[in-house]
Amino acid sequence: MPTWSAPVPESLPSAAYQEKWSAQRLTFVLIHGAWADAGFWNGIAAHLRKMGHTVYTPDNPGRGPDTNKDVTHAMITRSVADFITSRDLQNIVLVGHSFGGSVVQTVAQLMPERIKRLVFYNAFIIKDGEAVADEFPPAALEVFRKLRESSMDDTIMLPFPFFRETFVNLASLETARRIYSGIAPEPAKPSYDKLDLKKFYSQNFPASYVYFTEDNVLPQGNSEYGWHPHMSSRLGLFRLLKGQGDHLTTAKTDPGLVAARIYEAGRD
Amino acid sequence: MPTWSAPVPESLPSAAYQEKWSAQRLTFVLIHGAWADAGFWNGIAAHLRKMGHTVYTPDNPGRGPDTNKDVTHAMITRSVADFITSRDLQNIVLVGHSFGGSVVQTVAQLMPERIKRLVFYNAFIIKDGEAVADEFPPAALEVFRKLRESSMDDTIMLPFPFFRETFVNLASLETARRIYSGIAPEPAKPSYDKLDLKKFYSQNFPASYVYFTEDNVLPQGNSEYGWHPHMSSRLGLFRLLKGQGDHLTTAKTDPGLVAARIYEAGRD
Amino acid sequence: MPTWSAPVPESLPSAAYQEKWSAQRLTFVLIHGAWADAGFWNGIAAHLRKMGHTVYTPDNPGRGPDTNKDVTHAMITRSVADFITSRDLQNIVLVGHSFGGSVVQTVAQLMPERIKRLVFYNAFIIKDGEAVADEFPPAALEVFRKLRESSMDDTIMLPFPFFRETFVNLASLETARRIYSGIAPEPAKPSYDKLDLKKFYSQNFPASYVYFTEDNVLPQGNSEYGWHPHMSSRLGLFRLLKGQGDHLTTAKTDPGLVAARIYEAGRD
C-alpha cells in the first residue's frame, strides 16, 4: 500500500473493537467504480478484514491492468457474476461505489438468492431502460462526448483540473496527483449502455445508501441529478448512513471511517 | 435506565460546564412522538437536569402505559395543556419530537402567554387545516392504511424491518431490537385528525428547529416532504441547529449531544 | 482581539503543522460582508498567517470606521481594486464572505491576470445584470424595504432578534450580543445595485465554494434561494468544501476551522 494511505491497524483488534464492528461476521463483495480498479478498496478492505469480515474485491474487465478497452456493461456484469458463482459465495453484502452501483443492480438481479443486502456508496442507481450516462448533467455529458470523440479507442480520460475539483476536492495537491497517477482511460461504452433492470425493480432487496456529503462529482441538492436523495430514493425503503468525505479521497485518507459506515450499512 | 443507554454524568457539573450549558436556567416541557412515550426523553432529560434546567416530560394519552387506544389529537392536546396549567408552569420552552411537533403547535396556541420559545426536534409542523398524515409521502400513507385496516383497535404497529431502516437506521441490531421492544401500537386517529392552527400561525412565537441530518423517517432534500427545510420553513423566522443522528437512536446513544442542541435551541 | 474570540496559536507552528497547512504559501485577499468590517477576519487571518500565508483584509467604504454611508457597489469594487493594484498584488486567492462574494466577482473581472483562484465562503454569486438583493427571499426583501425606508441615511440596521436567529444562530446570547455590538447600519445601495458581470462569466476562473452548513441567513435546500447549491452551481466547475458552522459565529469561535477550509479551498 502506498505511504500516502492512512495506516491499517497492525495488531489484532481488541474485544471492544470486535464487539462494536463485528457483531455480525459478513461476506462483502466490493465493486469499484469508473476510472478505478480493485485497488480503490485496499484500505477499506483491510479495515473490514481486521473487523473479522470476509471481503472480495473483483476487478472489472477494461479497467485496471486489463489493456482491452473494448468492453460493455454486460461484460462487466458477467465478470462479477462469474467471480461470485465460481467461488459459490452466499449471503453476500454486495457493495458498489460510483459506477459500481449500476453493476450491483445488474448482478443482484441475476442471482437474488445469493444476496443478503445491497449497499450503494455514493453510487449510481439507474432507472430501468436507462444508462449511467443518463445521470450525468448536460454540461458533463458534453465534456465527456468531446473527450470520447477525441480518443483513439473509445475511452474517456478525465483531465486533471476537472478530476481535482470534482473527484478529489478534499485532497492535498500531492494526494490528488498520486490518486490521478493511478487511473487509466475509462472505456466509454459501459456508461452509455442502456440497462434492463426490470428484475432489479421487481425484487425487494434489503438495501442501504451510504452518502459522503462533500462528494462533488454530481450536483447536490437537486431534484434532477445527484447521489442522494435523487438516486437513493429509487430504492424505496432503504437504510441511510452519512459520512464526511468526497468521492475518492476519503477512501484513501480515512478508510476506517468508510469501512465503519459500510459495516453499519451492511449489518442486519 | 436500561444499560444500552449512554451514561448520564453522576457527579455535579463543573463550573466550566455550568457556564457553557446553564448560562440561562430554563424550564423545558418535552413532548414525545408517536410509537413512543415519555421514556423517550430519559437520557436527554437527565442531561438537561444536570445542566441545571427544570424538565417536565408529560406522557400522552393512548401512548405508553395507557391501554385505552381510542384517543384523538384534541385529547392529547388537552392532556398536555392540563399538565401545564395544573402545575402553573410559566416561561416554558416547549419542545416537540416527531409527532410531538404538532402537539407543540396546538398547545402553544392555547396558552401563548406561558410560552417562552418553541423547539421542534425532527418534528412535524403542520399547515392550518391539515393533519400529520398529510406530511406522509404516498408510499408511507399506503403502508399505514393497510396496517390500520388490519388492526382490531384502529392502531398502527410498525413492522420491525420498516422501523429498523427508517427510525433507527444508525443503531446496531441489538439496540434496534431493544428500542423496538419498547414501542406499542400507535392510535391512528391523532395522525389523521385535521388541525385548526389559525391561532398558531397568527402568533409570532420565538422558535427553533433542531435537525438531526441522518433521520430517514421522511424523504430528505425534497420540496414536498421532509423535516427541514420543508416543514421548518413554515416557522418563518426561526433559529436553526443541526446534529449528526437519526430519528430515535441518537436520543439513546448520545443523549448529551441532543440535550446540548436543545439547550442551544431554547436559550435566548 | 476581544477575549471572546478563540485563541490564535502564539508559538511558531511545528514542522508537521507547516507540512499540512502550508504546502503552498498563498497570498490571500479577504473581502468581508455586509454588517461587517475587516475585523470580521481577525481570527481567520491570524491563523492563515501562522500557517505561513500572506493575508490582506481591505476595509470597504461605507462599512466599519467609515462614517460616509453614501456608497455604491461600484465604489466598493473600486476601493478593493485600488487596494490590490496599489500594492501590485499578484497570484491572489481572492476570498469573499457573504456580500463579499459579489465584490469578488466584480473585482476579479477587472483584473483577471492577478487572480490565482476565487473562494466563496457562504457568499453571494450574482447573475449578470442582477443585484445582491435579487437573492433575498420575498419576506426578507419586505423586511429590508421597511428598515431602509425608516432610516435617515438610506441604511439598513438589522434588529437584534432577527440577527440573533439568522446570522449568529449557534452563538451563546453573550457572544451574539458582542458580535451585534460591533456592527453598524449597512448602506442599502450596494445591495440593490445591478451588476454587469458579463466579463466574470466569460472567464473561467478557478473557483471554490466553502459552505458552512448551519448558516441560517438564506433558506436551505431550495432551488430558488440559498448559498449552496443554488448560487454555488453558477460557478460551473468548482471545488466544494463544507464545514459545520453558521454565518458569523464560527469565524469568531472556531477561526482555525474556517482558516483550514479556506486554505483547502485556495490551494492548487
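Read from first to last, the chains carry the letters A, B and C; within each, the first residue is number 1.
Going forward, a residue touches a chain if its C-beta (ideal position, glycine included) is under 8 Å from a C-beta of that chain, and two chains touch if they have at least 3 such contacts.
By chain, with names taken from UniProt: A, B, C = Alpha/beta fold hydrolase.
Everything numeric in this text was worked out from a predicted model, so none of it was measured.
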### Query
When the CA atoms of chain A (Alpha/beta fold hydrolase) are placed over those of chain B (Alpha/beta fold hydrolase), what is the turn angle between 0 and 180 degrees, to the nearest 5?
120
### Message
I want to confirm something about chain A (Alpha/beta fold hydrolase) and chain C (Alpha/beta fold hydrolase). Since they are copies of the same sequence, is their interface symmetric in residue numbering (over half shared, so same) or not (under half, so different)?
### Response
different
## Note on the structure
When centres are defined as mean Cα positions, the distance from chain A (Alpha/beta fold hydrolase) to chain C (Alpha/beta fold hydrolase) in whole Å is 36
### Query
Which chain A (Alpha/beta fold hydrolase) residues sit where two or more other chains touch them?
221, 223
### Task
Spell out the residues on chain B (Alpha/beta fold hydrolase) that touch chain A (Alpha/beta fold hydrolase) in their complex, using ranges where they run on.
139, 161-162, 164-166, 169-170, 172-174, 213-214, 216, 219-223, 244
### Message
Going by the contact rule set out above, which residues of chain B (Alpha/beta fold hydrolase) touch chain C (Alpha/beta fold hydrolase) in the complex?
### Response
23-24, 206, 208, 221, 223, 228-229, 233, 236-242, 264, 267-268
